[in-house]
Amino acid sequence: MTPADLAFFVLAAVLLASALGVVFTRNPVHAVLLLVLTFFNAAGVFILLGAEFLAMLLIIVYVGAVMVLFLFVVMMLRVDPAKMRAQGRAALPLGLLVAGVLMAEMAAVALSFAALPGAASPAFALPEGVTDARALGRVLYTDFVYPFQVAGLILLIAMVGAIALTQRARPDIKRQSVADQTARRPGDAMEIVKVTPRTGA
Amino acid sequence: MDAVVEFFAWLWAFWPLRVVVWTLVVTIGVLLAVAYLTYAERKVMSAMQRRQGPMTVGPFGLLQPVADGVKLFAKEMVIPAQADKTLFLLAPMGLFVLALAAWAAIPFDKGWVLANLNVGVLYVLAISSMAVYGVVIAGWASGSRYAFLGGLRSAAQMVSYEVSMGLIIVCVVLCTGSLNLTEIVEAPRPAWMQLLLFPMLVVFLISILAETNRAPFDLPEGESEITGGFMVEYGSMAFALFFLAEYANMILMSAMTTTLFLGGWLPPFGIGALAVVPGIFWFVAKTAAILFFFIWARASLPRFRYDQLMRLGWKVFLPFTLVWVVVTAGAVLAFGGGV
Amino acid sequence: MADPALLATYLPVLILLLIAGGMAVWMIGFSLVLAPHRPDPAKTSAYECGFPAFEGTRGRFDVRFYLVTLLFILFDLEIAFLFPWAVALRDIGAFGFWSMAVFLAVLTIGFAYEWARGALEWE
């Protein structure tokens, strides 16, 4: 067993243990942090496979961004364990159904991939002396330009959706307008009045 | 396969030992630098405010950081009753580990780098993007209003400025064509490139102030409103870990600026004659200059308001850096040619 | 498994993580063991201005924090797409440049929409 194999088994074991922890822990914040640990170990496995760039992206995008949102959502929950258990039991049949459908779908996808011709060999071998980020950049924006543009459209939809879900107009709040502030001249706010003695303004 | 086994046998024989020694040297070096950065900060700020600063402990107060450390070590660690005790202690430890971990990829001199990663820039970016957790978890685990608010604010601030930092790094990568920090330092930089990168250097300097929660963007710990933010419940060594992490991050970000924009260990202004001085000297000098900027900003500028901070990040820096990415790419294609 | 020489560049990262983690545990551990530890109810209560807290501490907060993180995820993904492009731009030339220009233009529409709807405003 090479040190790399040993590293793989350690990473895989911690990955599985923390993934199980996500499911079984009672505290939702702990669950999110265990999921972060899961991603961290997955990034380690990516590195063992030589996919350094993807490993770093996994951490930057999933750990650095997506899980922060999860954490925000979960931190706001005020969980009452007894109530949650009762609700969980009521939703059990529906949950099992959804989980079953998802499992079946994932199995179908995995099996159909395995049946594809040439699935056993890697799709692209890295050219000698080229990093994986560079190899990815060479094909992603030229050979795969349509999927790439579709990804851009999906991001656009996500942006619009995010605003539609969370944005609300707040007319009751004063906002600072820098342009108005700097455009303001002494003449707009005050006038100089010559007051003659004993007559008042 | 035999060759691989032999290679690893050779590796285990002595290479990891060397790595451990060098890692310890870097770790201790960073921690010493942190200790004396706190001293330098107090001395520089006091000079700017016509005071003497620490003078009592040791000659010119030079032993002040040691005294501070011993005092923090001897203090009682108060763990609030309503805190999540595990996370309360894990948060400062996590932040401390992250602040040290990023140093693995920083090249101090030609070939003086712990881990010469192909994706060095992304490694540092990934590590610094994880620092958000330390802050949010500290705020949440304390179980105090001020801490919670401070943690949230800090998280929103850090992610906002990470966007512009990412885009600036893309500009640098466009010019150098590599994600490896050593190659980024060594890549040739003609005059047009330096001209293009200069505005990015300015934006990067301001962004790292916000990313490390330093004045004038120190809202997460704004004493006047939220009394110390996410750190309010911390004392003793747990507080010391936060403190060490914050200052180690300051030095790290200065070192990153040096590496990305100022040519790392290379002599300044491309003067070849200055190369007789060892590269590590130039690296430290450039990093120290940027640290001086950190302290200078703290001594001179009043704190931002939160809406101003968010506006600067999202409405000024983000569009500007985004446009600049396209401009830089166009220039690289026009002048750079196919390399 | 990947090339051992590539994996070897990550060994220092692992060692640094272990050393830093060990130091953190050591510092907290010694402080817990050696420093005095005499908690009392007043000392361990949440910090307030001298009175007990009125309500629970992990309450609701402004929806804007979600919006900021949501937008951050989207822009982070955009940056993720920019990195391989920046590395390989010299290889893929003008076509790659315009390919990214269209991608960025689409996202700029989204950005303009956010701006117009006031989503970037903090109040």
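Structural remarks
In this document, chain identifiers A, B and C correspond to the written order of the chains, with residue numbering beginning at 1 in each.
We adopt the following convention: contacts are C-beta pairs under 8 Å (C-beta built on N, C-alpha and C of every residue); 3 or more make two chains touch, one makes a residue touch a chain.
Keep in mind that what you see is a predicted model, and the values were worked out from it rather than measured.
For chain B, the chain whose average C-alpha position is most distant is A. Note on interfaces B-C and A-B: more C-beta pairs are in contact across B-C.
Centre-to-centre spacing of chain B and chain C amounts to 14 Å, using the average Cα coordinate of each chain.
The distance from the centre of chain A to the centre of chain B, each centre being the mean of the chain's C-alpha atoms, comes to 24 Å.
Within chain B, residues 4, 8, 11, 117-118, 122-123, 140, 152, 155, 159, 162, 179, 307, 311 each touch two or more of the remaining chains. Contact of a single residue of chain A with at least two other chains is seen at positions 2, 52-53, 57, 60, 64-65, 68, 72, 75, 131, 133, 175. Within chain C, contacts with two or more other chains are made by residues 4, 6, 10, 58-59, 61, 64-65, 69, 71-72, 76, 83, 86-87, 89, 91, 100, 111, 121, 123. The touching residues of chain A, when paired with chain B in their complex, are 2-3, 27, 29-30, 33, 36, 52-53, 55-57, 59-60, 63-65, 68, 71-72, 75, 131-133, 175-176, 178. Contact residues of chain A toward chain C in the complex are 2, 4-5, 7-8, 47-50, 52-53, 57, 60-61, 64-66, 68-69, 72-73, 75-76, 78, 131, 133-134, 136-138, 140-142, 145, 148-149, 151-153, 155-156, 158-160, 162-163, 166-170, 173-175. Chain B contributes residues 4, 7-8, 11, 15-16, 19-20, 22-24, 26-27, 73-82, 89, 92-93, 96-97, 100-101, 103-105, 114-118, 122-123, 140, 142-149, 152, 155-156, 159-160, 162-163, 166-167, 170-171, 173-174, 177-179, 227, 232-233, 236-238, 240-241, 306-307, 309-311, 314-315, 318-319, 322, 325-326, 329-330, 332-333, 336-339 to its touches with chain C in the complex. Contacts from chain C toward chain B in the complex involve residues 4-6, 8-13, 15-17, 19-21, 23-25, 27-28, 30-32, 34-39, 41, 43-48, 53, 57-59, 61, 64-65, 68-69, 71-72, 75-76, 79, 82-83, 86-87, 89-91, 93-94, 97, 100-101, 104, 108, 111, 115, 120-123. Residue ranges on chain C touching chain A, taken from their complex, read 1-4, 6-7, 10, 56, 58-61, 63-67, 69-74, 76-78, 80-81, 83-89, 91-92, 95-96, 99-100, 102-103, 106-107, 109-111, 113-114, 117-119, 121, 123.
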